[in-house]
Amino acid sequence: MKTIGVLTSGGDAPGMNAAIRAVVRCGIYNGLTVKGIMRGYQGLIDDEIEDMTLSSVGDIIQRGGTILRTARSAEFKTKEGRAKAAEVLKKHGIEGLVIIGGDGSFRGAQLLSNEHGVNTIGIPGTIDNDIPCTDYTIGFDTACNTAIDAINKIRDTATSHERANIIEVMGRNAGYIALYAGLAGGAEIIIIPEVKFDIDEVCDKISYGIKRGKLHHIIVLAEGVMSGLELSKMIQERLPKLDLRHTTLGHIQRGGAPSVMDRIIASQMGSRAVELLLENKSQRIISIRNNQIVDDDIDTALAMRKEFNFKLYELSKILSI
Amino acid sequence: MKTIGVLTSGGDAPGMNAAIRAVVRCGIYNGLTVKGIMRGYQGLIDDEIEDMTLSSVGDIIQRGGTILRTARSAEFKTKEGRAKAAEVLKKHGIEGLVIIGGDGSFRGAQLLSNEHGVNTIGIPGTIDNDIPCTDYTIGFDTACNTAIDAINKIRDTATSHERANIIEVMGRNAGYIALYAGLAGGAEIIIIPEVKFDIDEVCDKISYGIKRGKLHHIIVLAEGVMSGLELSKMIQERLPKLDLRHTTLGHIQRGGAPSVMDRIIASQMGSRAVELLLENKSQRIISIRNNQIVDDDIDTALAMRKEFNFKLYELSKILSI
Amino acid sequence: MKTIGVLTSGGDAPGMNAAIRAVVRCGIYNGLTVKGIMRGYQGLIDDEIEDMTLSSVGDIIQRGGTILRTARSAEFKTKEGRAKAAEVLKKHGIEGLVIIGGDGSFRGAQLLSNEHGVNTIGIPGTIDNDIPCTDYTIGFDTACNTAIDAINKIRDTATSHERANIIEVMGRNAGYIALYAGLAGGAEIIIIPEVKFDIDEVCDKISYGIKRGKLHHIIVLAEGVMSGLELSKMIQERLPKLDLRHTTLGHIQRGGAPSVMDRIIASQMGSRAVELLLENKSQRIISIRNNQIVDDDIDTALAMRKEFNFKLYELSKILSI
Amino acid sequence: MKTIGVLTSGGDAPGMNAAIRAVVRCGIYNGLTVKGIMRGYQGLIDDEIEDMTLSSVGDIIQRGGTILRTARSAEFKTKEGRAKAAEVLKKHGIEGLVIIGGDGSFRGAQLLSNEHGVNTIGIPGTIDNDIPCTDYTIGFDTACNTAIDAINKIRDTATSHERANIIEVMGRNAGYIALYAGLAGGAEIIIIPEVKFDIDEVCDKISYGIKRGKLHHIIVLAEGVMSGLELSKMIQERLPKLDLRHTTLGHIQRGGAPSVMDRIIASQMGSRAVELLLENKSQRIISIRNNQIVDDDIDTALAMRKEFNFKLYELSKILSI
């Protein structure tokens, strides 16, 4: 192994730069040449490749986003696209490829490995924390902290006006951001795809809170259930007098300086990716499970199912009584 | 003058608590009894009045929102409502009333003065900075800083994905937040009600930026022009290939710990309100003009027109070339 | 078990309020009466005890510090002091006592249990992360995030002036904050008590960096090694031309709104404490190990030794090449 | 006027990058060639000069520090040094020079103008707000906001432990940061060079506060009076039982993303500097007075005296009763 490449793919997440930095610096420390592939798999196909030096990754650990950019690629989903990608890798002498991204990006890596024997290592990077093989994905902690900062601000005005506020957070089909930010933000109600939605229960809880004298209601809604606007309409039909607002946090959740946790885990995973390649291991996904950095065969990893933390959801209900 | 009252009215704004604190502490320092009126004019009608002490306002200068709550009142818009309010003031011996709020709240104060001879002093508090008599309204600086924090976060992900992003900010019919946050946030395009909107100009600027190799476009839109969704549709019709997202910042702009500027100006205005009452002046609105705390007769103040800072708008265009 | 008490003891840490909230709400949810003991063991001796309700802990999850206050108590270190404390507990009918604090506070709990049969449960709360039985202590994540925020700010000015800066962080005899904040903050040099200090190595690394063209050097120093002033003098003796500054972060590390991680773990631990008491378990310390909330007998817990994460330290050296 | 140069000098301040960006973009917009001079006057002497393009200043408005670096120069204080500097300017065809810095940097500009006829324009940039001719210097607002953030954090732990805390802030010989941050941070005591220091008054105020039941005391101290350590010793001699800590905020005050106010004012001043040069005006210092951007002859500006805002100081005393 003399030359490795690194790319980011799918939605960006805070901490991706810390992972890139770790791949580059650990690679160079171990005598490897490290190449940065721009714009994910599409950039690979298009041969957008740059040599990385120690200073290419200087002063980036604190930056949100990804200096390698990211993009979705329709072409890479075709056999021809992947063949082109493999050729470009060969041309640059890239013997090992580190992919920082989500589930979809890992499936791309799997195909590239199966079809062209490319050595790939996946690092889980997405704010949604929805990758089954790992307890944690890079970017999740920062996104949750951004969300509670927004919840805090909205609580100020919700309290002043004695209003109810729906805050729609990201997470695709998973409710992790909603659960963590909702619990940590002291939300009265948390609505996530993993738990059957019951509009009557939601309205009862609000009515009960008003009777108890609650000055405000914060409802954290995972985007995977419905939109804030839809929920707002459903509640207002049943509680027409309720002073209700909704906010969709949107893309602010994807940016910002990464938290300590995201930087540390990204650094560890980036370093581990280089170690695995040096140990001649590939087709592996790096994960964190039970607070340990581990790695699994890519087929195994992609076949895993994740248990949702229902205990934490139950706790959120008890704590918001 | 032995007893004064203070209330917050209309939309809340960061720094209102600092103003309340200044009214209370300066009042007590000068030997006055200070009463806090809850929930604006509605609370006044409903006789929701509390005695304020030095410690009622301890540890609140850094808090967003308003400890006195705020509400809109339909009843106060009626003659009967205002008569009730005047009666409650008399009952509590409140000889001077400090109103922290926006234009609408000042018109309420004007009527209360005209109809019932109540001594009123208005302090401008709204994030929108849309009160003609004053260069500055409490809450504006904090709202702008919240907005640029959001713009920074969105720029991270906009750059990674090389996308255009519309960010809809508050301001009602005024473009101040959009202009200040847009200029300070380095937005490529700023759309405000004070300047004629031209969709072709917007699309040309985006197209030109793409040709020049710009990785991202941040478009800051004042809510007074249209919604982010509407603008998004208009742009996508003309530039269907553009990767475009929109975010409505919403109520996060109303909350959060007030900035130094909002705390200082609120403290000065709160203190000045008490001084005016002690000088037996009333029916006055406190303003800041040319960096001086001044006060005007309420009729004069409400008749003023504000010159929009077009020079700053022109500067924003030059700086985003 | 009908009545339980909760206190905070030792140095305060962000997240303590989230733990108090969880103890109170889970207690009440389970039909218990919960009493809040002010000012730690000293307040217990002095009978400073308040009934806690659902709303006593409303709107505190986001607050730094501890609403129960904390104090050190010389009197509690005496047999007589502890006898008094036990009597006060009996008087209030407190059958189970939850102690949120550090190692020293747990030893106090141990004595109280051994001498007077008080049922105690310990929850680890300290920014230093220096409690052997647990991978994590409440407050650590917030303190590290505060430290990297400070490092980021100092790096701005260090880069502008091309200076070296020493940043002294807390941690008592442990180097966790220095290691995590240093690694996450991209520090060039991290000095911790767990690794033998070598002034020549430090100066060589600085000189080598200058030769390589590094514009600034960030040196993160754990207070357990020496003070920033002392280190500054040692370096300046050897590198008199180096433009060097030092900053002691001090008490800002102990405050601030807790991070999501601190709020979640505090909530889980607070809830677990109540569960344990309801299961008639006591004399136990709650910990998080391998990402699981566990509990150990207090004697066992206090006898444990913690392995320092030298791998992470080595990684920090590789990443700062 | 075809070519202009820009440099930053003296201590760096948040917002300097926004000013550089405005000089560069307004210059280019008006058809000028703009050169960036690295490392202040020393870099000028050493001919460290770079061509600036629109993208040289892309993505910097939100960055603390200065991309042009800054340095102090002993050589520039000599006649020979300034002669060299003038020669380098001539060599590069630089006909107008914009200096962003403090008083000392302006005196350098004055000498350069007097001795060699260089056209200079000064922009006030320093966190200390200690330049007589202007109400405001770039960086002050950000530094004050950083300081109140630190005060808020320290208040959390001060309240928990019921301690007094001294917070030493910057400002050189001026008390502006201490006054603004102290007032906005709700400090009990503010100690500044502009007001005669009286240790007995300080200790009396603390003792009185303790009697009144104040849980904590925040004392904000300007570095121009004495160090936090010195003040701590003086107080402890008189109040030996007081639980007192001190923190020196240090260099964190110089860094961080600039606030909206600093970005806006820096943009306006940078733009004004280019306008002045295009109007063939020079030897002028740009200021903000009564909320207007104005400019004065450099000799006049440097001879001005600033009235300290004693009214604001008195207000801070009333508000902390």
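So that you can tell them apart, the chains are marked A, B, C and D in the order they are listed, and the count of residues begins at 1 in each.
FYI, contacts are C-beta pairs under 8 Å (C-beta built on N, C-alpha and C of every residue); 3 or more make two chains touch, one makes a residue touch a chain.
Small disclaimer: the values here were computed from a predicted structure and weren't measured.
When the CA atoms of chain A are superposed on chain C, the rotation angle comes to 180 degrees, reported as a multiple of 5.
Although chain A and chain B share one sequence, what matters here is the overlap of their interface residues, and that overlap exceeds half of the numbers used. The distance from the centre of chain A to the centre of chain C, each centre being the mean of the chain's C-alpha atoms, comes to 28 Å.
Taking each chain's centre as the average of its CA atoms, chain C and chain D sit 35 Å apart.
Note on chain placement: the centre of chain A and the centre of chain D lie 40 Å apart, centres being C-alpha means.
Counting only residues that touch two or more partner chains, chain D has 152, 155, 159.
In terms of which chains touch, the assembly is arranged as a closed ring, every chain touching its two neighbours and no others. Every pair of chains meeting the touch criterion is listed here: A-B, A-C, B-D, C-D. Within the complex formed with chain B, the chain D residues making contact are 18, 21-22, 25-26, 28-29, 54, 59, 61-62, 135, 141, 144-145, 148, 152, 155, 159, 180-181, 183-186, 257, 259-261, 263-264, 267-268, 271, 289-292, 312, 315, 318-319, 321. Every residue of chain D that touches chain C in the complex is listed here, in rising order: 8, 12, 14, 16, 39, 63-66, 69-71, 146, 150, 152-162, 165, 215, 245-248, 250-256.
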